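Both complexes shown next keep chain A, but they swap its partner, so chain B is in the first and chain C is in the second.
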Partner chain A sequence: MKKKMIFSEFFKNNGVVMGSLLMGLVGFWLVFLIVLPQLSMLDYSFRFNLPPAEQGGPKDVYTLSNYQQLIYGSDTTRQTYNTVDLMVFVRTIIAAMAVTIFNIFLCYPLAYFLGQSKGSGFVRLLVVLLIIPYWINEILRAFALRIIFGDSGLLNEALMLLHLTREPIDFIRQDIALYAGLGYAYILLMLFPMYNVIESLDRNQIEAARDMGASWLRIHRRIVIPHAKPGIASGATMVFMLSAGALAAPQILGGPSSLWFTQLVYQWFNDSLNWQQGAAYAIVLLASTIIIVLTVMKAFKVNMGDIGK
Partner chain B sequence: MSSTALIRIALGAYFVIFFSYLLGPLVVMSLTAFNSSAFPSVSPWACFTYEWFEVLFNDKSIRQGIYYSVIIGLGTVVLSVSMGLAASIVLTQIWPRLRSTYYTMIIAPILIPGVVLGISTLVFWDRVGDFLGVSEGSLLDLLFHNGIFLTILGQSSFIASYAMLVFVARLQRFDPGLTEAALDLGATHTQAFRKIMLPFMRPAIASAAVLAFLASFENYNTTTFTIVDYKTLTTVLAQKVRLGINPSISSLAFIIIALTIFVALAFEANRRNQARKNAVKEGKASTPKKGFLPPFLRGNPAAIVFVALAFVAIGMVGTAQQYSPESCKIQYQEAKQIEIQRRIQELQQKRKIRDQSGARNGPDIFVTPPPKKVQPEGGSGAFGNVFDPGNLNSDKNN
Partner chain C sequence: MSSGVAIDLENVWIKFGDFVAVREANVNINGGDFFSFLGPSGCGKTTILRAISGFLEPSDGRILIGGADMAGIGPNKRPTALIFQNLALFPLMKVWENIAFSMEVAGASAAERRKRADELLDMIALDGQGDKLPSELSGGQKQRVAIARALCANPDVLLLDEPLSALDLKLRQHMRTELREIRRRVGITFIYITHDQGEALTMSDTVAVMKSGVIDQIDTGHNIYDHPSTPFVASFVGENNLFRGKIKQISGNEAVISTRRSGDLLAQITPSQVGKLSVGNEAMLFIRPEALELSDSKATGKTSISANVVNQEFEGNSFSVFLEGDGGKQIKMSVPNLGQDNIAAAGENLSLRYDAANAVVMPVGELASE
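Right after this comes the complex of A and B.
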């Protein structure tokens, strides 16, 4: 009943034509592009990978086997764990967290500097310089790092020239290139939310604290960081989700023996053509990253509404 | 006093590190586009060349990729901008208690990994086809398995959220009284929307469209699943980079970087001009400052970009005709040959020396670690060198 009231008010405010147009567009987006696709993927992940002839037949029942594959592997006795895939999963999550923390520390000083020095031409120029790499294709950015980190890449040549190392270091096989690339790919998504919040901080607060004799560290801990918390949370959430779900950087910069969890999903889909298995892995990735983000947000007392500001 | 100086130095060092991390890779990549070496690198600089641009322009798959990327980009712009606009308008009117749930729902696609969005789109439309019972090869079946259709939907599902954020920021400054006034004066709702809301939102629509197009153009994670048997520029590039890299990709990157810098500077110039005009209007600044540009270029960033691009193009074509890298390449090849010869000789020399010492040490099976110094006297080690590999032979020789 109440819903009806809301709808009638909505149509009264917008007119029938505009109201239904707006409702139609939003409804199409939410239902057909977000909710139903996710649900159908969830449904898919509980099914067997059957040839088309048997689909809808008696064998087409729900199963947990796709999830068991992740935990136990193809072992039907369930004695041993699927250590390969589980290790990839754990590594993905931990590395994504590490990349996020690294980005927070790298971006905070710059965000503070940009946010507090208001409107000079130099700062504008810095912001423009910062935006440029963001417009370059993700693949090309990964490619640029590959040129630098390659066996005969610039970094190895420089290190050997300085006699810091005699043999070229294999940055790619040791995953250094991968972590650098992940940090590089999404660093601006950390910087700009932080910059936006710090910019809105009243300078007088900092000056007042300084006049009262607060130390430099204390000013940041008690004034700047609490104020910037929504921005930091928003940036951290985006960087974590995007690095955990990154595909381009691991494919280009990852070593041949180490995989990222999204690469497993990709393999199930495109190499093994087992969509059901791939969907199950994707669901695990989605659910675990969301749980982690919500837990961290709860621990730091941040609301969902702060994201994207 | 010294502590502030220290902080300044630390801050400067940090800036240098940050910006070289951010921009350094792009600079290096741009440089590799002009090196004739077949593997993209700068440090053994071979010859300055434009040949990789030629390779790039003759690459059919890249041209094809750009074509499909533009089509998909335009489709995504239309769909995501209209959905984002509708969602932001609904957000301003929604029942307050539903508001935060609704906001979470429309912001969520930004946070869902692109891989998941791609997979779910692919699976869902396959299911819709099954559900509607469309027969194999019918029009709808082709549509639901068409890479362009699926990619536009998959990308729009999260790009609409970006567009929505742009619109929400603008809508906060909208005065609903304007629409009410129009309605009171007898306009229909559609008219009020077209004559009041749309003109007000136009700058936001423009920036959302640019943002959506760029996001669509560079998207990889979602596209790689939904594109099926087509190829966009990004998937072509990804395939090339994974299969084996060559500097023609760097030359593409150079073109994109150059365009980006021009566009960014044009935007910046435009913004400054606008700010100055506003200041003049308010009487705060009296005369426009003298710029370094002639007056017909001032305030027209597009012209600046055009002139700069024309200069670059003329310069490149001119030098390309004047300068041919062939002679340099031959020289470089010769130098390389000489270098290789020298190395071979060095190696031969080394082998000779080793063979000589090996003749005394017996068969050369202990290549690594390098042959130890032969101690013909023996007895200087704790066990009189009984474990020395050359010991048996040297005993015999002695």
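Right after this comes the complex of A and C.
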């Protein structure tokens, strides 16, 4: 009933021709750019990697073998597990979570500061300064970080100049560069949703709590954080999803011994030319991250609808 | 039951950069009083209240609560509770949690808090509504919850920043009565801010009238209405007819001013100006619409005015008759409705009279904008 009202309202506001055109575009976007590609990937993941001649032939049937490959490796007897790939998977998920949590803690004070010092020129300048680095290509940014974190990079030089360390620290091998790069890559996606919700918080609520003797900690715990929760949730969702699915930062900043799960996916597609296998890996990653996001949202009592706000 | 605590502002100035928001405020508020600050929007009322509650420090001067200087003491340490202009209820907390928030801060158990919240809910006639969210209450109910939340901490002084401005007329009148009733029960000092003069006059023991950062007059509502001390107060509080002219004669606390159109008029000099005016000064004279009445005889004396009727409006309990006055301004006369069909026709020349005791004269000054 309510949906119908929205649609009729939409057509009334835009006219039938324009309305249909807009609806058509949205529909096209949904179907051709989101639903169909993912469906075809899903379909791929359940098929054998056959030479072109046999495709569509009698051997082209659905199979779970691509998923078995992730769990048991090439061991068809299912005696041993594919520990290498599974470890990469687990490490990717945990590292993406760590990056997300780190970003939450980093962005919250900043978002609070920006959001509550409403619209002063200084704050607007700060926001612009935060955005400008993102005009630079993601890969370029990652390489810049690699230079900074390198053996004779800015950071090591500075540390040695200050006599904090005698030998250069291998930030790359320690994966510090990777985490810094991932954290930096998507930090604005955390900052802006948080900033938006905190900006909409009525200052008087904070003052009322202060008037009643509440400490800063309590004000944040009882008033600011509950208010900011949808923003934190949408920021965290985006950062987690994108970090877990990142490719450029792990390729460029990751240590030689540590793989990111997306790199495995990439290898299957690109090096092994086994799209079916790559699709299965990608689908596992997608499904797992969605389940994790939904579980965490449920645990923190955030509704899907609040995130869209 | 606390008996309320006195508040004194001594020569308080509040500046934002170069802008002076409050200029040289000297106010003494007795313990247990209902004290109102009345003034148009932007005159500095909220600023004064924020200074009393401790959210901002005066640039100069002292604020004393119960005789103690409050300099450097934060809002959480002052025995005041502020009710914000927009109430600032916590939208994500239940009503009872809102009310008992100050106890939560003090570390009271949930059971204690709930008990006290229920008592207060009883007092504001919202028993059984504690588990709702603020958004599920009506405007007047939210209002009462905000009051209960402020009272929960047992403050010595309650500061209210235009708490009724968002309500419709009927509810506002109802809440006025209720506020007075609550004050009677808790007996603490109320400092009330409003730009609605009716609200200030009906509820307060004492009213301070403010104009762009300056307090013009501090007095009982009755005196503010009957003996305004500046043209601003005279024109801002209630309706008033202004007559401009030169002072022709002074005797004691009475003066005669000669006006262009209405001739010589006799009035009392406002108490604060007695002895300070001299003959020949420009002056302003004010007569309330209800102080004017129809005169039987032709207007001749110093308390009578003759003017042509412009039109008349029926107000229900009275008729408003508008007559030609000085400088394009109309004179308004209010005649009680005692069953007359009609007071006067447009164009008719009327003779009006008034008692000199009901007219007040003062030096020329700024008027409230209409």
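We adopt the following convention: the second predicted complex is superposed on the first by the 285 of 309 C-alpha atoms of A that agree within 3 Å, B and C clash if a C-alpha of one lies under 4 Å from a C-alpha of the other, contacts with A are read in each partner's own complex, and residues count from 1 in each chain.
Everything that follows uses one rule, which is that a residue touches a chain if its C-beta (ideal position, glycine included) is under 8 Å from a C-beta of that chain, and two chains touch if they have at least 3 such contacts.
Here the structure is a predicted model, which is why all the values come from computation and not from measurement.
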{"item": "Room on chain A for both chain B and chain C (clash or fit)", "value": "fit"}
{"item": "Greater chain A contact set [chain C / chain B]", "value": "B"}
{"item": "Which superposed partner A:E157 touches (first chain B, second chain C, both, neither)", "value": "first"}
{"item": "Partner chain(s) touched by A:F102 [first = chain B, second = chain C, both, neither]", "value": "neither"}
{"item": "Which superposed partner A:F10 touches (first chain B, second chain C, both, neither)", "value": "first"}
{"item": "Arrangement angle, chain B at one end, chain C at the other, chain A at the vertex (C-alpha, nearest 10°)", "value": "90"}
{"item": "Contacts of A:M212 with chain B and chain C, given as first, second, both or neither", "value": "second"}
{"item": "Contacts of A:T289 with chain B and chain C, given as first, second, both or neither", "value": "first"}
{"item": "Touching partner for A:R222 - first (chain B), second (chain C), both, neither", "value": "second"}
{"item": "First (chain B), second (chain C), both or neither touched by A:A246", "value": "first"}
{"item": "Touched partner set for A:N204, first chain B, second chain C, both or neither", "value": "second"}
{"item": "Distance in angstrom between the closest Cα atoms of chain C and chain B, superposition on A", "value": "9"}
{"item": "Touching both chain B and chain C, residues of chain A", "value": "none"}
{"item": "Interfacial residue positions of chain A with respect to chain C in the complex", "value": "202, 204-205, 207-215, 218, 222-223, 226-227"}
{"item": "Contacting residues of chain C [partner chain A, same complex]", "value": "53, 55, 74-76, 80-82, 84-86, 88, 90, 92-93, 101-102, 104-106, 149, 153"}
{"item": "For the chain A and chain B complex, residues of the former touching the latter", "value": "6, 10, 13-19, 21-23, 25-26, 28-30, 32-34, 36-38, 40-41, 44, 55, 106, 109-110, 113, 124-125, 128-133, 135-148, 150, 152-154, 157-158, 184, 187, 237-238, 241-242, 244-248, 251-252, 262, 265-266, 269, 275, 278-279, 282, 285-286, 289-290, 293, 304-305, 307-308"}
{"item": "Chain A-facing residues of chain B, complex", "value": "11, 14-15, 18-19, 21-26, 28-29, 32, 39-44, 82-83, 86-87, 89-90, 93, 95, 98, 100, 103-117, 119-124, 127, 130, 153, 156-157, 160-161, 165, 188-190, 193, 214, 217-218, 220-221, 224-225, 233-234, 237-238, 241-242, 245, 249-250, 252-253, 256-257, 260-261, 264-265, 268"}
